[in-house]
Structure formats: C-alpha cells, structure tokens
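Next up: some structures, all given as structure tokens.
Shared between the two complexes below is chain A, which pairs with chain B and chain C, respectively.
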Partner chain A sequence: MLEKGRISAFQMAVIMHSTVLATAILLLPSITAKYAQQDLWMSPIWAAPLGALAIWLAVKLNRMYPKESIVEYSESILGKFAGKIIGLVYVFFLLYANGLIVREYAEFLVGSFLPRTPMIVITGSMVLVAAYAVYNGIEAIARTAIVIVPVVIVLHVFGALLILNDLKAEELFPMFEKGVLPSLLGGISPLTYLGQFIYITFILPFVRDQGRSLKWGMWSLASVLFIMLLSTLTTMMLFGDLTSRLIYPVMISSRYISIADFLEHVESLTMAIWVGKTFIKIAAFYYFSVIATAQWLKLSDYRPIVLPMGIIIVIYGSWIAPNFQLLMQYMGTSVVFSAFIVHFIIPAFLLIAAKLRKGFA
Partner chain B sequence: MRTKFRMLLLSAWCLAAFTLSGCWDRIEVNDLAITRAVAIDQGPNDLLEMTVLVVVPMQGGIGGSMSGTEGATKAPTEQQQVVVQSAKGRTLAEALSFLQLQFPRRLFWGHTEVILIGEELARHDIRSQFDYILRHPQLRIRSRVFVTKGRAKDVLFVEPLMERDIAESLKEGAVINEALDVTTKEFAQMLIGESNAAILPYVNMMSTPAGGNMSQTVVYIDGAAIFKNGKLVGTLDQKETRGALWLRNEMKRATITIKPGEHEDYISMFLLRSETRLKPNISGDQWQIRLRGDLDLDVYENATDLEITPEITRKIEQATSAEVERRVEEVLAKAQKEMNADVFGFAEAFHRAYPSIWRKNKDKWDEIFPKVQVTFDIQAKVKRPGLIHQPALLPRDEIHKNMEGPEHGHRTSSGQKR
Partner chain C sequence: MLPPSEANQRQSPIEPNLDANLQAMQNIFTDCGDIMFRQFKAGGSVKAAVIFTKLLSNSEGVFKALILPLMNHKLESANVQDILETILPVSCYTEIHTHEEAADHVLRGNPVVFLDGRTPAFAVYLEKWEKRGIEEPTSEAVVRGPREGFTESIEVNASLMRRKIRNSRLKMKTFEIGSETKTNVMMVYIEGIAPPQLVQDVSNRLSGIQIDGVLESNYIEEYIEDHPHSPFPQMINTERPDVAAANLLEGRVVIMTDGTPFALIVPANLNALLQSPEDYYQRYMISVLIRFLRLFFLGMALLLPSVYVAILTYHQEMLPTTLLISVAQSREEIPFPALVEALLMEITFEILREAGIRLPKQIGSAVSIVGALVIGQAAVSAGLVSAPMVMVVAATGIASFAIPRYNTAIAIRMLRFPIILLAGSLGLLGVMLGLIAIIVHLGSIRSFGYPYLEPLSPSKRDYMKDFLFRAPWWTLRKRPRHVPQGSYTPPSSGK
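Moving on, here comes the complex of A and B:
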C-alpha cells in the first residue's frame, strides 16, 4: 500500500471538519444570501442530508473494498477501461479543486490585507508548507489538524460571542417570505462544500477502526453544520440585506467588533482562522490529489510526485480565473454542476453497479 | 532522494525566511499618517473636497506650529500632532490621491473613527460617495457618520476642549450621551432598506466666551439630519430627535420633566431602562403602528409639594407616558407630513408582520407612510423616589399626599426650592 501511516476515525473527522469548512466559511454567507436572503441560515440545513449521503456512499463503498479508494475500486467494479476513465475524472477534478482552493485562499489575503503582494508568493509558500505535510503522510496531516482545529473552533465561537451585542434577531424575519424555494436555491452553494465529504474515500483505507468511520463522519458533518449556522446567523443578524453585497461578511463582522473601545480591530482573528483552516484544507486536498494520481498510475511510492504536483497546483491557482469576478462566477455555475457529478452521481452509480455485480456473481 | 528533498526544503526555507519577514505590503508605523476623521464637502465645479485629520505620533512633545499649504497645523497636544489637509477630486479616491501628495507619509484609513458629510453635499445624492467607504479594504465600517451644518471641513479645524482630537470628541459625544449614533454599516443598511430613508446625527458649532476677549468653539450634536433616497431633505431639532429615538428604541439615557396632573411645579426623572417596540397592524386600508414602550425611571428632583406616595406615583407615571407620546407625535408630524421619510423602521415592521401585503404595496410606501396611524401603549414605571421621599425642605404641613387637598396648587412660595 502507498501509505504506511494509520489514523483513527476521529482523526479523519477532524481533518474533514476543516477540509470541508475552511474556504466555505468566508464566502458562503454572501453567496447564499443572494438567493436565500433572510432565510440564509436554513440553506446549510437543507444541504446537510446530501452531505450525509456523500459520507454514507463513501463508507458503503469502503465496506465492500476496505483497502481501496474510489480510483482503485472503480476499476474492480467497472473493469479496467471504464474504471481508468472514472479514475482520471477524479485525478483531474482534484487538481482543479486544488487550484480553486489555493486561489480562494490567496484572493482573500491579497484582496483584504496584502494588496500588492504577488499572488504566487502567497500560494507558493502555502503549497510548499502543505507539501511537507503531504510528504510525511496522512498521520502528519491528522496530527496537525488535531492541533489547529480546536483552536480555530474556539476562535470562531469567541468571535461570535464578541459581536453578540450588535446582533438584531429581527433581521431574520419574515421567515419563508417567498416560500421554501429561495433557501433551497441558497443550499446549492453549501452543497458543493458538503459534497466534499466524498473524499474520505481516500482516507478510509488508512483508518484503523473502520467500523466507526460512519459515526465519526456524521459527527464531522454535524460540527461543520454548527459552524456554518453560527456564521450565517451572526452575519445575517448583523448585516441584514447588506450581507449579499459584501464579499467577506465574516471578516467584516469581526472588524465591526468593538468592546468598550478597547477590544477592536480583531480581523487578525479571522485571518488566523482562515490561514489555519485553509492550511489543513490545502494539505488534505493536495494529499487526495497525490494519492489519487499515484493510485491511478499504480506507483509504488507517492513521494516523488509530491513536489511536481505542488508546482502544478500553484500554476492552476493562477490559471483558474483571470480575476475575482470570474472566479466567483465559476463557483456559482460550472463548479456547482461538475462538483455534483463528482461528489454524488459517480459514487452513487458505482455503489449501484457494485451491488449489482455482487448480486450476479 | 530523501537528502535531495531535504536540501530543497532547506533552500525553500531560506527563501521563505527572506520573503516572509518583509513582504510587499510592509509599512513601518513611522511611514504612516493615521487618519482619524474625514470630512467630505461639495467643492466648486462638481468636484468633491476631501479633508482629513491626521495624527502624527511624535517622540517627545515638540512645540510651536507649522503652516500647511492649504490647511493649517495646530499646536500639538502633549505627544501628538494633528494635521488637517484637504484636496479636491471628481471621486473620493481621486481626491485622496491628490491629498496623498501633500503628505510625506502614507495615509492609513484603519483608524478612521468619524466621517463627516457637509450639508451642501448631503443635499446631493451621497450614495455614490459611500461606495468608496464600503469598498476600500482599509476602512472599518464601524466609523461613525455625521452631517455637519455648513462645511464639514470647518469642524476639523476646531480645537477640541477635552479629547485629544475632534474625532474622539465627536465619537465620545455620541457614545457617552447615548445620543443618535450611526455607524457606516447602519447607515448603509438604512440606505438600502425598505423605506429609502436614513437618519444621521447633525453636528453644529457654537462659540462660547472663554474669559477676556477669547472665545472657544464647541462642536456638539444638534439634532438629526434626515435623508430620503440618498438626499438630505431636512433636519430635526434636539427635541424632535429625542422623539425619533423613542421610536427607534435607541433612547437609553434621558431626563424627563413633567407636571403631575394639573400641578404647576415640575418633577424630573431619570430614565433607567427603556424598551420600545413597534407593533404593526393592517386592517383594510388602515395601516397602524402601536408603539409599545416599557420605561423604568427614578425621581431625581421634586419641585412640587407632593409626597411621592403610591397614588401620586401613578399620576406621575401617567404624566410621563403622556410626555413621551407628545414627543413622539411631534417628530411624527414632521417626518410624516413634511419630509415623508420613514426613519423609524415602520416599513421593516410592516414587512416582517405582513410579508404578502407588504410585497403588493411596497412601491406605494411613500403614499402610505404619511397616513400611518400611530397609537401608544407606554408603560412608565417609577421605581424609587431617589434618596428622600418627602419634599426635602418644605415644612411638614405644606406637604401633600394626594392632589385633591384644599390647599393644593395654591402654594405661592414655590421659588424656595429652586
């Protein structure tokens, strides 16, 4: 097997918490508010069952092929040729997703704090650090996540508490003003993020206690949902209709904090949350990408391709969109569909095919 | 392989160490001019005039004053120098770029506490100017916004009497007095809100004698400026502004003076807590708002000959409710009939309570608002009489425990306790 390390199902849950949440947290409220308006906080709830479906699909397939990832068992299920094509879809989609994530990370830092810093410096340095984590395997990523994630969750709750005084609950009303549809449409964006739970397929083969992976997967989903609710509710109650016009409402809300003229300018808190979480996310996606490629090429070791893949990711980050406006448009349109296929349709199709095969054999 | 990778990591580490320590956006504090207040005025030929108040932290107090090109430099207060400069441009960003040329340090917006809008500019559409304020990554949307009587620029030249600069003085004036206090965020929310109306504190200046031939200028908040569709349409005086605060549930500090019943002397009370809510109701074509209020008060001064018994307390409470109603009606008359500007959140209240009726009628809000009927349900509660319960210095036989007594109201020596 490519990976020598073993992690627990709990560690998997911690990695996935920040892998799913990281980039979602800053952009999500604004994108969702465009559709859902004051019902914005319901949108993640609508998307949650599909997130659970992604976890269930990955775990079910893992039960049938406990030592393989989706790139490998697609060959066992569909035969060599069709399986290789499915594998290639994941190899390329993961690279694409990696580019997107690295770009989103850099866009926030450049757009809000470091306007003149070349983007390549920000993406390059982050990918380099992530490369070291990936090179040391899943155990290293898991342990880093165990250190970073609790701190980040505490910072998040702390940030929400500090702004409590400025929140107005009436901004959430009237609920269901235009029916359920707006909040359902708003759910499309969280769906893209929650669907990323399917990538536990690359971690599950290395989980020691696979029996508990479904349970911990669901806990991970619950924790993601909690933070999503926290951030959508606080931004809506603070900004109301203004939410959809701001690009980073969560960051702006941390800037709005002012406790007794003393505790102010805590946007560095948001920056810390952002960098910490995104590091785990980039390292995890980088790892998925490298493992998928190594499995697809049937390499005996994934380490030689870590750095070359990193260079590709940095370049993808620059190529993926000429400007922020187009990046946001991709996120709201084409990425929604391609992600839905990769996160739900293909795994569901594989599970049905595998069940049929077992039935006939 | 492994050593190669390590070598690579080492070189990468060195690279990172060099670049991370001083990135492109590094600015030393002593290269910054920290902007505390911005004033925006209408200049000639459709240009905007932007004036900034900048503090320059100094090492040790340097006395004397220098003179700027267009502005003036004021004497430093202790360890801080205040500089006021202005420049003109077609947009705020352009004015800023000209302004920057007058400074040897980079202007930094992160600590801007106060944004002042000149009255003349406010009469034009100010929504386009506020785009810059929300879009610029350095500006914090907690800055307070004010409209000034006359030119906003002039306020920045005033020497504050107590605070270290005029920005602090205005900000603290709004906060300490718990008067109308609007941040950029709240102003933006009002501008894009259902009613297209907004309210901002209105700043005025006053000269007071300061001994000899000297005089000093005081900057203070003198009521409120009302905006409709982004344009200034009128102002409220201080009393009317208080009425607006009751409606907006922003009244946190007040001294209420009333005459209990028909009595000719006054009782003053201090507001401990107040909570007001708008209860909308639509029946047929009649749109109504019920102002529900809960007030807790303490008596601070009793100039009457009444002892504050439970019975008298009820009378005082009724008079207090009536006083609040009168204040609110005053401002309503002006806002509904003269300005047609809903700065009290009526539109949002109707929207929340009657979403479907609201959707059908929201385009007609300008016709509906002047006709909205306001009723009152104000519950004032006088919690305690201060530290004494009987009038302090009146002889015992002149004190009344109720208002029906024969001598009531005939006391002529009412001046003795003024």
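Moving on, here comes the complex of A and C:
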C-alpha cells in the first residue's frame, strides 16, 4: 500500500465534490449555453445518470479488487501487457488533465485579475502548495477539503441569495423551444466533468469504510448537481442570452452583488473562495496522477516523485494549448471524446472483462 | 529510585564502620558548605551520624523525630529494620546500601543516618524547603472559576490534582529526567479513561529523553512532540489545576515537571488549544458567542493585515467608494507601499509587545499604551505610516490577545508575516494560498497519533458539540473521550 493514511467515505465525498465542481462552475454555463441556450439548466440533469454510472463503475470494480486502483487491477484483469497499456493511458491522461486544469486556473486568474503576472508564477505557486498537500498524503487533502468545502458551499448559496433581486425568471422561457435536443447536446459539457467521478478509484483503496462509499459517492454527485443547477440557473436568469457569450458568467454574476451600496465588487472575494476549491481539485488530481504513476512503476513510496511530477505538471500547463481560445476549443471537442473514453469506456470494459473472468473462475 | 545510568557507575557500598562511611561522605561533599554532618551517640553508646542539607530538610523534624528518639532509646537489636520500626516516629524511610545513593538522598533533603556497626544506613523523608504559596495563575486569569494555580513544587501540584480527582484510578507515575538535575517528572492519568496506548506512548517517550537538565516543561515538550518544526503547539500547557483535571477527565494525560508551575497536557488538537476554562464556567449562551468571537478573532489576527495590504495594493475596487477616498487621502504622503508600511508597523508592534513584558508591573501597561499611542501618533504625523494602518495593526494585536492560549497565539502571530508578504506580492490570491498552506499543514500533523484537526476533520459528531459552540452541560452526555475510533495512528518510533 502506497499510502498509509485512511480516510472515511464522507471525506472522499467531500474531496470529490470540490474536485469535480471547481473548474466546472467556472466554464460550464457558457459552454452549455452555446448548445442549449435557455435550457441549459437541464443539461446537468441529463448528464447526472452518467455521472452516477461513473461512480458505480468505480465502486463495483473496487469491490472486486478492494486494495487496488484502476492502474493496478487492469493488470489483474487483462494480464500484464494489456493492463500496463491501460495503466499508461491513465498515467498520461491524468498528466494531461492536470495540465488542463492548471492551465484553466491560471488563464482565469491572469485573464481576470492579475494580468501582468507571468502565468508560471500563478501555476508554480499553486502547484507548490498542492505538492505540499500531496506530499502529506490523502489525509491532509481530505482534512483540508473538510475545512474548505462547507464554507465554499455556504458562500455559494449565500452569493446566489444576494443576487436574488436581479434574477429574471422569464429568461428561462420558452422552455424546450427547440425540443429536448439542445439541452441534451449541452449535456456533453457537464458530462466531461461528471465523468471525473471515476477517479475515486484512486481514493477508494484508502477509504476506511468502503461499504459506504457508494452511498457517499451518490451524495457527492447530488451536491455537485445541486451547485451546478444553482449556478446555471442563476447565470441564465441573470444574463439571458448573453450567457453563451460570456466566458466566466459566474464570476461576472458576483459583480452584481451589492449590499446596501456598501459591499460591492466582491468578485475578488469570489476569486479567493474559488481558489480554495480549485486548490482541492488541483491537489486531488495531482494526487491521482502521482499515485497512478507510482503504482504503474511499482514504486514503494510515492513521495520522491511528487516534486518532479509537479514540475512536469507546470510545464504541461504551458504546453497544453498555445492560447486560451484554442484551450476552450479543445475543451469543447477533443477533450470530450478522450475524457469519455477514459472515464466511461475503459472502466466499463474492465468491469465486463472482470465479470467474465470471475465467470470463468 | 536511582536512574539506570547511575547504577552503572562505581557504587561504594556502605560498611558497618561509621568513620569509613563518614570519610566517604565527606569526600563526596567536599566544599559543600550547606551539608550538615551531625554526630551523636544513639542509645547512649552507639556512634551515629546524620547527614542532611539544612535548607532542604525539616531541621526541627531532624532533631525531634530523628536524633532525639535515637538518643533516648536503647538500641537493643542489631537490625536496622527493628530500630526503625520501634524507635523512629517518622512516616517514611528507605534503606540505603551505597554512598552514592546516600548522597542522592541528602541532596533531595532526606537526612541520612549512619549507625556504627550496623548496615544498611537509612534515609528518612523529611524534606522541607521554601516554596511559593498557591496564587492565582497570572497567565490564565478567569472571571469565574478557581483561583488556584500550580507552583514550582511537584508535590504541591500533585496534591492539587488529588484534591480535584478523588479516585484511586488517578495514577501518577514518576520519572526522573536529566542527568544533572534529576528532575522529578510525573505522568498523571485516569486509568480507564485515558487510552492505554496513549499512556504507554507517553511513558515510552518520557523514558527515552536523554538530557542533562530539565528546567522547564518546555524541555520535555520539545523532546516528546511529534512535529518539532511546526509553528503550532502540540501540547497544552497550563498553570491551572482545574484545566488539568478537566483534561484528565477527557482522557488526556498530564505531565507535571518539578520546578515549573506549567503542566503539559497531551494530546492536544486545535480545538483544545482554542478553549478557555471559562467557557465551561459561564452560561452556555455566553460561551457560544465568545467561542464564535474567538474564531473570528483568530481569523482576524492571522489575516487582517494581509487582507488590508492585498486590497489596497491589488483590489482597491473592493472598498466602498467613500472609504476608498479617505484611505487614499491618508495614504497620499506615505513614501512606502502598503506592504512595507504593514511590515514596518507589525514589527514595531511586536517589539513593543516584547519589550512590555519586561517592564515593571506598575509602569508596564502605562508605558506600552502611551508608547504605542505616542509612537503611532508621531509616526502618522511624520508621514511615515497612515492612520488606517495603525488601526489595522492595533486591531490585529488586540485580536491576537483574544486567543486564550499563549502558544497558539504566538503561532498565529508568527504566521502573519509570511502571509503579509504573500499578500503584497500576489494579492488576495497570495492570501488564499498562504491560508491553504496553513490549513494543509494543520491537516497533516498529529499530536501523539491523534489528528490535529479533530473533531472537525475526522468528523466525530459527538465531539462537535464542544467544537464551535458549547452545548449546555446537561446535553454533553458523553465526555469526549479520546478513544481511538480508527483515526488514531501509532506514532512512528524513533524519538
């Protein structure tokens, strides 16, 4: 066992909530609005069953191989060679995902708040703090998550309440103007994010009460769904058609918050809160990546590779796209497909193969 | 009684010959002017001598209860045991077989008696010395609650503990730590409430300490804590016996050190370090409010200067317009950027605070207040700092004093500075990063195997009643016991 720490299923749920949601909440409404327009709030709902599928796949596979993650049991299921290939897919995809997330984070901060700061400072500082968390193990990440996430959820809801005044419900209508298809198409974007639930396969071996992991996984999905709905609804009701043209509608919506003409322009505060959530996501993905690599290489301890992987992640952040527009395009097109394969196709295939094996044995 | 290391040294056994014994003792105690050698004739005929340290022993007791009965009664048997049982009215004694042991006892204030022709010698427990009376602890004053505090004498402290917990399950295990000082250290716990592996762990760590002298409990604290490099303390230290007793009832272990009134309580987590005994002595609603306030002040003490610097430097739009104008106005002539100004003022404040500790009591508070006001005012008029900055620094200082435990307050004060630097370079992002780094650190450390962020982090629903707020006493049915429920990890050996 690479990691000596143990966490509870509840802590896992809290980690995954922030992991899945952090960047989703930033970009989701705008991408979804492109396809679904005013029906965009339905899209997370369409995507939710597949998110549940991802959780179910991970938990089922974990029940068969309680102490192993997907990198390890793919070898048990498919044999050494094929299993190693699949493990390699995850190792590299996780690196790619890490770079993607870090790049999204840095682009957002540089674009909106700190335009004169070189991106590498932002990326590097975050990866450094995340490296500290990853070095201390899943328990440190879990405990940080438990401190940060409830505060963030409360502030989310609070922020939505504060702009209640400016929300116009008529923007949501006409509902299903062009039928269900637009919202279904819009569901592709939440799907990319909700599929990330599959990564609990890396945490599940370290969960103390594995019996409850399915239940808490579902609760995590529910909370993610709730916040997604909240943010899509509020942005739609606030901006209407404009939503598809804004890149960061949630952030802009926080500019509307004005209490008694006193507390204004709190988007910097929103940014600070969002940094907290994104930290957990970056640290979690960093952790997944490190664990996957260490398991694939059959290392006895993952700590020595934490910092080198951090450097690679920072570099990946710069590599991943030459500029922001191309990044957004990748997110909307090729990433969707590769994510779908990694999040759903491969685990489903593994599950079927494992069942067949058990059937033979 | 003797630490193992001394047992290995040359031990010169006690002979029946009194003169030889006395000679040996004189050799040990050359140039020790405070050691008294009193020779007399026991039972009228047997030569005897008592050696004691005048200032450490109850001289009256030596004469009345030791020398007098020995002089007056005839010594019939040759057995020292019989003599002690029939003649001496002293309450405790112990037999000694080597000169080194005898010297050790003399130095503890226990007179040693040598009888000619008889072995072994014996030491009598008649120690008495000057000690401070029981006073209110200055560092932990409360409005309502007991005003007794520990003193430097471990016997007095142990007696205070016994009085609070009248149960034979209150165990006090003694250790002798320090090769030169041979300080008495007592590990106190309630059997059945304190988890056995915790007791064993503390015991192991205490036995493993190799040091020449223990003058204060901090020496022990640094030796046995899990994370010596963390700014956060992993033990509670207290002068109050009621705090110690309350923690004993919760399953913690108290370590008392002779020579200091500060007892250590292990294990500690962040929640315990933010509690004050007064939370339990006042009505619960007040305690709830004060606890919230305390958390708020904690955040303020840590973050206020950095948030101020970040907002002024990077996020000016967050201030309401009128406030922004007045702040900008006051900052107009200041030659420094907000970051430098903040650091300057914070460092000045720390200097003033530190200097204020050493001022004599009467003028101390006056001088610090006047000094702060005068310096602050003068600096503002000279155009070196702005008035809002002085206010921010003052507010931060006061907030840090609201933290009940001094060691936690220092940790927060220390951590303020890196966060100010981060705020000056990366704005609110820097503040968040610094804050996250601190939270990650808190989440990763353990105190004696128990996670530091319990009960928040491995969330235990029962203990949450005592966390952010304090539920009334009649609802706290379960005493938070540090019974390991899966979150306990045996600490790695090697301390």
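Details
One rule holds for everything that comes next: the second predicted complex is superposed on the first by the 361 of 361 C-alpha atoms of A that agree within 3 Å, B and C clash if a C-alpha of one lies under 4 Å from a C-alpha of the other, contacts with A are read in each partner's own complex, and residues count from 1 in each chain.
Everything below uses one rule, namely that a residue touches a chain if its C-beta (ideal position, glycine included) is under 8 Å from a C-beta of that chain, and two chains touch if they have at least 3 such contacts.
None of these values were measured; they are calculated from a predicted model.
Looking at the shared chain after the overlay, A:143 reaches chain C, while chain B stays out of its contact range.
Of the two partner chains placed around the shared chain by superposition, neither chain B nor chain C is touched by A:358.
By the touch criterion defined above, A:276 reaches chain C but does not reach chain B.
With both structures placed on the common chain, the touch criterion links A:6 to chain C but leaves chain B unconnected. By the touch criterion defined above, A:177 reaches chain B but does not reach chain C.
Legend: residue contacts after superposition of the two complexes on their common chain; A:241 is shown touching chain B, with no touch to chain C.
Between chain B and chain C, more residues of chain A are touched by C.
In the overlay built on the shared chain, the residue A:63 is in contact with neither chain B nor chain C. In the superposition on chain A, A:117 makes contact with both chain B and chain C.
The residues of chain A shared by its contacts with chain B and with chain C are 113-114, 117, 121, 125, 132, 261, 264-265.
Only residues 1, 5, 8-9, 12, 16, 19-20, 23-25, 110, 134, 137, 140-142, 175, 183, 185, 188-189, 192-193, 348, 351-353, 355, 359 of chain B touch chain A when the two sit together in their complex. Of all residues in chain A, only 111-118, 121, 125, 128, 132, 135, 170, 173-174, 177, 238-242, 245-246, 252, 255-256, 258, 261, 264-265, 303-304, 307 touch chain B in the complex they form. Residue ranges on chain C touching chain A, taken from their complex, read 311, 314-315, 317-318, 320, 426-433, 435-437, 439-444, 451, 453, 456-459, 486, 489. Touching chain C in their complex are the following residues of chain A: 4-6, 8, 10-11, 109, 113-114, 117, 121-122, 125-126, 129, 132-133, 136-137, 139-144, 146-148, 208, 261-266, 268-269, 271-272, 275-276, 279, 283.
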